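When the chains are written out, they are named A, B, C and D in that same order, and each has its own residue count from 1.
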Amino acid sequence: MNEKAVIAKRVAQLLHDGDVVNLGIGLPTMVANYIPEGMDITFQSENGFLGLGPAPEQGKEDCELVNAGGIPSSIVPGGMFFDSATSFGIIRGGHVDATVLGAMEVDEKGNLANWKIPGKMVPGMGGAMDLVVGANTVIIAMVHTQKGKPKILKQCTLPLTAKEQVNIIVTEMALMRVTDKGLVLEELGPEATVEDVIAATEAKLIISPNLKRFGLDE
Amino acid sequence: MINKIISINEAIEKVQDNMTIMVGGFLANGSPESLIDALVASNVKNLTLICNDTGFPDKGVGKMVVSKQFKKIIASHVGTNPETANQMNSGTTEVCLTPQGTLAEKIRCGGNGLGGFYTPTGIGTEAEEGKEKKIINGKEYIFEMPLRADVALLKASVVDKKGNMVFNKTTKNFNPIMATAADLVIVEAEKIVEVGEINPEHVMCSGIFVDYIVGGGK
Amino acid sequence: MNEKAVIAKRVAQLLHDGDVVNLGIGLPTMVANYIPEGMDITFQSENGFLGLGPAPEQGKEDCELVNAGGIPSSIVPGGMFFDSATSFGIIRGGHVDATVLGAMEVDEKGNLANWKIPGKMVPGMGGAMDLVVGANTVIIAMVHTQKGKPKILKQCTLPLTAKEQVNIIVTEMALMRVTDKGLVLEELGPEATVEDVIAATEAKLIISPNLKRFGLDE
Amino acid sequence: MINKIISINEAIEKVQDNMTIMVGGFLANGSPESLIDALVASNVKNLTLICNDTGFPDKGVGKMVVSKQFKKIIASHVGTNPETANQMNSGTTEVCLTPQGTLAEKIRCGGNGLGGFYTPTGIGTEAEEGKEKKIINGKEYIFEMPLRADVALLKASVVDKKGNMVFNKTTKNFNPIMATAADLVIVEAEKIVEVGEINPEHVMCSGIFVDYIVGGGK
C-alpha cells in the first residue's frame, strides 16, 4: 500500500457506523474508498448535497451533479440536495460528525493552517473555516512532511484556518491526538519508529503508554 | 399577470456601472452563463461582485474577471481563476475573502430582514479582523452583517412565467438565497413553462422574488 | 353593501397588480373577494405557503392544506409551500407588499395594538409583530368604533403590536393615512360626513385638501 | 444501516420529566398526534414546551396542556386553547410569548450553530423587554438567542428508513427546522418507505437529523 492509501485507510477506520462525513479535496477524498464493509457513512458535499457517491463512469458524468471541487460526482439512494445556507447550517450546526482535511501546517494546540501563504498563494478559505469549526471531529489527513520539512509544528506560522479545532492527525507515519496536555502519539504507521516520528515532527510529542501500530488489516 | 420575460439585451441593461451584483453558482455550476456572456460583451464596469468564487477564466463569472469588469470581489474562494489573483496582486481589484458559510448566511440575512448574526466560524483567524466579537453561552462568536446587491443574476433549470424556480441537482447552491437579497432579480431559465406546470410541492424558490426571466439558459 | 364589505372592497382597491399580500384573520380575509378583475395578487399565508386560494367547496376540504387560522384552504397555480423560518424570512425581508390586519387600537402615530388586553385576554402575537414590521405597507381594516367607542386614538393604551408601522387605516367611515404630520383623512365612506368621522375618532385628523368619497364603483 | 424504527412506547420513554421538548405543527396541523396521545397516557411531567402554539384542548400539544404536563411553554400564540390561559392565570404554567418569526428563527439559529441574531420584530413592544438592542445601519434591532431542545417530536407524511422526510402541503411549518435543533429527534411517519423511494430532489428534510422513526402517524 502506498503512503496515501495507508493514511486514507487509517482515517476510514476512525469513522463510526451512521456518521455524516465531509471529505476535503485531494487525499481526503480517498477515504471513501476504504470504508469498512457494512459501515454506513453519509458523505456531505458542502456545495449542496448529502449522499455523495463514487465518481461516475467515464461518459456518464452529469455536469450538474458535481462535488465541492467541481468534479462530476454521484448521489446515493437516501441523499438530497440543498442550498448553500442550508449546507453550512448543517456544517456549523454540528450535524457533520467528522471532517477530513489536508493541512499546510498543524500544531500541537490543534491550530490549523491550510488556506493562505501570504504573498504567494491566496486561494481563499472556501468552506474550510466553517467545516473545521462545525464538525464534531476534525481529522487532518496528510503526508507527514513537506519536502522533508515538518508540517506538524509547535506553533503554526501561516494564517490560521481555525484555532484549536483539530482533534486527530493521521499521516503515513503516525496517528496523533490533540489533548489538553499536548499532542499524543497514539499509533505508528506500518514502517515508522518512534524516533522517525519525533525526527519528522517539530511539535512536542507525548508518547502514549498504549502506543501501538496501525491495525490496517482489521 | 405581469409579463416577466425579457430579452437578454433588456436584461443586461439593468446592470449599470458601479452596481453591486450577486451571481449564482459554485465553481460556475449553476451560473447564468448566457447573462455573463452578454455582460462580457457589454461595456459595464466598476462592478462589485458577490459570488461564492470567481469560477474559471473561461467559465462562470471568471469571464467577467478576465474582462476586468469588477472593482471589488466578495467571495469565499478565488483559487481556480489565476486572473483574480493577478488583479488582486496588482491592486486593480479589491478582493474580500469570506468563509463560505458566513457568505451564504450574510446573503440570507440580507434577504430575510435580519440585522446581523453571530457565527463561530473564523474565531482566531484573519476572518475576525475588525469585527465585533461576543461571548454567548461561554463561546466566542463573530458579528456578521447582512449583504445585499442591486441586482442578482441567477440560473434555474425550470422557471414558470411567474418566476417560480426549480434547480437541477447541485445547481441550487447560492441561487435561491441570492433571489431574496437583491433589489432586482433576473433569472436565466433553461426552460420556461406555464404557471401551474410545476407541482407546488416541488417549487424550490418562489417567483415573488423574481423581477425578470430570460430564456435560453444553457 | 354592508359595512364590512365596504371596508374590504376599498382595501382591495389599494393593492397593485403583482402584489404579494398577507391577510389577517377575520374581516381582512374578505379583501380577497374584492380584488379587481385582471389584477394578479399573490396571497401569502404565514403558516407556510404562497398562493392562498379561495375556501374549498364543502366536502372537498384537505385538512393538510389550511390557512394561518387553521381553516381548510386551497392553493392556486404558481403557489408553493415552505417552512416557518422561510415564511417569516419572506415577511421580515420585505417581500410582502402589503399586510391587512384588524386592530383593537391604532393611533395617529401609526402605533398598533391588537394582541393583548392585560388581565383579560392574552392570546399571543402569533405572526402579527413580524407582519407589521416586515410588510412594505401596513393596512388596518376594521369597523371604525368598538361599541361606539373610538378605536383610532391619540395614543394606544393597550400593549403595542408594533411601533409606528401602520400606513393606512380603512373603516366603513373613512380612509386615513399616517404621515409625518399626523393622521390625514383622505376619503369618506359612502355614508359618512367629516363631522361623523371626527366624532367617532379620538385621534386628531388632518382633513386632506383633496378629500373625496370612496370610489367603490370604479 | 442503523435501524431507526422503534415502537411508540420506546419513543415516549425518551421523553423524561423536566426535559425541554419541541413539537412540530401549527394549530395542530402537522403535529405528531400519536406521540402526543402516548405522552398524555404516560406520567411524564414538568416539561418545557417549544411549539408555535398550544393547539386545541382536544388536538395537538393542547392535549398535553390539558393533562398539565408543562411547567413552561414557549409559543407565539395560545389563544385557541383556553386551558393554557387558565394555567397561565393561575400561575401553574409559565408562558413565554414570542413573535412567530422570531420563534422560528431562534430554532433555526439553534440548529445551525449560530450564536444569535438581530431582528426588527418587536421593537417598541413588550417583546423587546429585557433584551439587548442595537442600531445597525440606522435601524433598531433586538438581539435574540438560539433555542434548542432535548427532544424534538415531529410529524412527516412520508419518511424513508434513513429518516428523510416529505411533508404534505402546510404540514411542513416548524417540523424541518425543529429537526435541526434538538439533541434527540423522533419523527412520527404517516408512511415509511425504503431508502431510495423518495426522489432526492423531493426530500424536504434530511434523515441525518433523525434519531428515531415511529410508524402509524395519522
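Definition applied: contacts are C-beta pairs under 8 Å (C-beta built on N, C-alpha and C of every residue); 3 or more make two chains touch, one makes a residue touch a chain.
In UniProt terms, the chains line up like this: A, C = CoA transferase subunit B; B, D = CoA transferase subunit A.
Predicted model only: the values in this text are computed from it and were never measured.
Novice: Tell me which chains count as touching both subunit B (CoA transferase subunit A) and subunit D (CoA transferase subunit A).
Specialist: A chain counts here if it touches both subunit B (CoA transferase subunit A) and subunit D (CoA transferase subunit A), which gives A, C.
Novice: Centre to centre, using CA atoms, which chain is the farthest one from subunit A (CoA transferase subunit B)?
Specialist: Result for max centroid distance from subunit A (CoA transferase subunit B) is chain C.
Novice: I'd like to verify one number: the distance from the centre of subunit C (CoA transferase subunit B) to the centre of subunit D (CoA transferase subunit A), where each centre is the average of its C-alpha atoms, in whole angstrom.
Specialist: 29
Novice: Distance from the CA centroid of subunit B (CoA transferase subunit A) to that of subunit C (CoA transferase subunit B), rounded to the nearest Å?
Specialist: 35
Novice: Can you work out the whole-Å distance between the CA centroids of subunit A (CoA transferase subunit B) and subunit C (CoA transferase subunit B)?
Specialist: So the centroids are 55 Å from each other.
Novice: Show the residues in subunit A (CoA transferase subunit B) shared as contacts by 2 or more other chains, in ascending order.
Specialist: Counting only residues that touch two or more other chains, subunit A (CoA transferase subunit B) contributes 49, 75, 81-82, 88-89, 91-92, 133-134.
Novice: Multi-chain contacts only, two chains or more: what residues does subunit D (CoA transferase subunit A) have there?
Specialist: Those would be 105, 108, 113-114, 119-120, 168-169, 201.
Novice: Between which chains does touch occur?
Specialist: After working through each pair, the chains in contact turn out to be A-B, A-D, B-C, B-D, C-D.
Novice: Given the complex with subunit B (CoA transferase subunit A), which residues does subunit C (CoA transferase subunit B) contribute to the contact?
Specialist: Residues 17-18, 20, 40, 42, 49-51, 75, 77-82, 88-95, 134.
Novice: Please output the residues of subunit C (CoA transferase subunit B) touching subunit D (CoA transferase subunit A) within their complex, sorted ascending.
Specialist: 45-49, 62-66, 68-70, 73, 75, 81-85, 87-89, 91-92, 111, 116, 121-130, 133-134, 159-164
Novice: Would you pull the subunit D (CoA transferase subunit A) residues touching subunit A (CoA transferase subunit B) in the complex into a rising list?
Specialist: 1-2, 108, 111-114, 160, 162, 164, 180, 195-196, 200-201, 203, 206-209
Novice: Where on subunit D (CoA transferase subunit A) does subunit C (CoA transferase subunit B) make contact in their complex?
Specialist: Subunit D (CoA transferase subunit A) reaches subunit C (CoA transferase subunit B) through residues 26-30, 52-53, 75-80, 85, 88, 95, 97, 99-105, 107-108, 119-127, 157, 167-177.
Novice: Would you tell me which residues of subunit D (CoA transferase subunit A) are touching subunit B (CoA transferase subunit A) in their complex?
Specialist: Within the complex, subunit D (CoA transferase subunit A) contacts subunit B (CoA transferase subunit A) at residues 105, 109, 113-120, 134, 136-137, 139, 141, 145, 168-169, 201-202.
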